[in-house]
Amino acid sequence: MISRNPQLNRTGELQHLLTTEGLPATILLEILDTAESFVGVTERDVKKIPLLRGKSVFNLFFEPSTRTLTTFEIAAKRLSADVHNLNVAVSSQSKGETLLDTVNNLSAMDADMFVVRHLQSGAAHLIASHVQPDIHVINAGDGRHAHPTQALLDMFTIRRYKQDFRNLRVAIVGDILHSRVARSEIHALTTLGVPEVRVIAPKTLLPAKVERLGVHVYHDMVKGLKGVDVLMMLRLQNERMQGANLPSPEEYFKYYGLTQEKLSLAQPDAIVMHPGPLNRGVEIDSAVADGKQSVILSQVTFGIAVRMAVMSILAGN
Amino acid sequence: MISRNPQLNRTGELQHLLTTEGLPATILLEILDTAESFVGVTERDVKKIPLLRGKSVFNLFFEPSTRTLTTFEIAAKRLSADVHNLNVAVSSQSKGETLLDTVNNLSAMDADMFVVRHLQSGAAHLIASHVQPDIHVINAGDGRHAHPTQALLDMFTIRRYKQDFRNLRVAIVGDILHSRVARSEIHALTTLGVPEVRVIAPKTLLPAKVERLGVHVYHDMVKGLKGVDVLMMLRLQNERMQGANLPSPEEYFKYYGLTQEKLSLAQPDAIVMHPGPLNRGVEIDSAVADGKQSVILSQVTFGIAVRMAVMSILAGN
Amino acid sequence: MISRNPQLNRTGELQHLLTTEGLPATILLEILDTAESFVGVTERDVKKIPLLRGKSVFNLFFEPSTRTLTTFEIAAKRLSADVHNLNVAVSSQSKGETLLDTVNNLSAMDADMFVVRHLQSGAAHLIASHVQPDIHVINAGDGRHAHPTQALLDMFTIRRYKQDFRNLRVAIVGDILHSRVARSEIHALTTLGVPEVRVIAPKTLLPAKVERLGVHVYHDMVKGLKGVDVLMMLRLQNERMQGANLPSPEEYFKYYGLTQEKLSLAQPDAIVMHPGPLNRGVEIDSAVADGKQSVILSQVTFGIAVRMAVMSILAGN
């Protein structure tokens, strides 16, 4: 018996968005194409369309993240949905209710969509495997596992600036080991046909056998950045510093922080990306973050359109 | 001079919903009948009707409860109201403003409805006695006193499954002493004509002279559950354990936890209810909570419709 | 080169509302006149007009204030805007993101308006000087500097009760030193032509050289209140007590608390104002706060209309 992709329904359409791993290129491209039309909406005077009118979207954040929560809230409201933000960390969970009881209760309130953020890898999958077929789940980040909407908005940004995925060199720089963003980006890039994906990091910040994901490993910025078209910088969480045997943020910046000098090793028209929030002076120099090759704020803008696309596609399936 | 029922206006219509005590059966039934029409709305594709459009509903939660807050927020938004959630515990109160000053201020902002949750019994009554006649107050739980919308959704659930109140045996099981839910349920059940209401609890979890409420007292599940049509389980707050001379949750479960075995003492078609959140393995076994006699998730669904009914009736009076 | 007023756009219209200082009387009056029409809206059955439909308003509160936040949220929702509340104190800032990075990110999400509250004077100015020309900033209180919407609602209230600014004696009583409200009121009153503005406070609660703002200084309520038409009481923050060499709230009340007796020194038709929340028995006696000369709750009502006016004027410019 073939185990069905838990993200697709019986007719092969997107039922949940849990990870970019295993999603066919056709679906990734459907999301990017749909998002194109929403970029226009967010630039209009009345930034609202009635696609999700009367739908109840629940932001279930078991891990606090105002920033990501806000992007989903904006996307849902611009689609005219009713949005309910539940900071679950401080509510029912503290009364001892299980994750699935919480989800069952909200489902019984006729929820249409759950946007789930959780410290534990697999939380969104667990919820998706449990809900009725008329409910859709979006993974907004689970543990070290996946952050598919971030990866999708990154793909959207790359396509906007570079048009074709099939002749690009892309480097992902920084804490690959702990990054759900990196993992989701790698899957999306390879599926969309990027011929060369590099990861650049100290050994201590790389997962074992990372090459199996189809990437080329570099420990040195000078070699790794040579000739790349796209630089995807990762945020360095301070608490990771020690495990990585890094004595200080200054030390990290010296070897892996992106400066104008290091950037000059890449293609002259290379773009610089970062998922935010920025650690200026740690993984990226301010001159680069605010420089003319940076597309960091475009990522934010496109993030709303991509999340609107995901929500509207799910609601229609 | 006859003291007027503070919940009714001069023409005998519902002005505030503060408690099920003293509410005539006609009004309880009006709420249940109105809720029937809203069950359909919550199942529709566009779960929204404009009955409260342009009205300002304030959720005034002096005691945190994400779960109850969410149900009222959903109900109000599905009626198209503007909803404002005020976690008052952490705001003006800490600046030394009195309860009534807070209410006066929000009233001056042209509030239409207050949904009030408070640790102290009587808080919602105090507010209701104070506001102008065009403002409506709903008690969402005050101290040990009352939780009328929970009782009403329970009545709705019972009527859906058992049709007629007038030939039922109902047992309420657990911490009656500290439960505003139990108190509100007992008043509603007796008003609606249930001929036999039983309470089953250890002596330490029963109020003095509870028989005066018109209930039959049992300390033993085996005797108390015999022949009942409806089992209403109560949540056991862990902090109550000590006062009840209960050495452990396991001990409580042994005597008062609902298992499939104990449930078999009731009528074969008896339904099992619980206000949530569940303490699995304390007051109820998972096999029962998730079993085919459980209507616990239906309670949640009907809870939205009942709260929509209360809000729309109040707004129309 | 003349430094342009940062609150006005190139054609002299209101671009941001940051402070009442330096705002021409024509603009102050435009806001008051526009607010008149919104008083009617808040009294209607459907308290909603579509002026800001599809606009994204962000309440950026770096300092918690449920009360002020709620007034802006109500105003924005009654104008049909999509409102996003960001308690920034507990989010990105704690991840080390700078104020301007936060603002850049939200701007990239196509924000239309920021309502900013910050502990530091000048925060709203900094943001306003930074955003693109299609984004509007409203200062909802910055440090000790300014609180312009409070001053404007106070002006609106005075005009409603006293019609003409040009023959009034107004006294501001209390902690002038730490009060952004007092500062914003003084600028608005003098611009609108009030011929005599008095401040009444102990020396320790007055800024150095306060006379330069065009006010008359009194340390004694008996002399200061004589013949005034409007009394604007200020809230005494408990933490200021010590710096003011005041041994206790009782002591402060004795000298500067407004009682019915002291009030009788003013004009018989004088009105009593307070920005709230009240410290009953500290800066004001309950008999006065709830008495027939008090217009404190009218201030609250007019506050919604004035904030709607500011938002709708900004959105139109």
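Which chain is which? They are A, B and C, in the order written, and residues in each are numbered from 1.
Methods note: a contact is a pair of C-beta atoms (placed from the backbone, for glycine too) under 8 Å apart; a residue touches a chain by one contact, two chains touch by 3 or more.
What you see is a predicted model, and the numbers here were worked out from it, not measured in a lab.
Shared contact partners of chain A and chain B are C.
The rotation relating chain B to chain C, fitted on Cα atoms, comes to 120°, given as a multiple of 5. As a whole-number value, the distance joining the C-alpha centres of chain A and chain C reads 41 Å.
In chain C, no position touches at least two other chains. The touching residues of chain C, counted against chain B in their complex, run 42-48, 64-67, 70-71, 73-74, 77-78, 238, 276-280, 297-298, 300-301, 303-304.
Looking at the complex, you find that chain C touches chain A at residues 53-56, 82, 84, 86-88, 90-92, 95-98, 101, 104-110.
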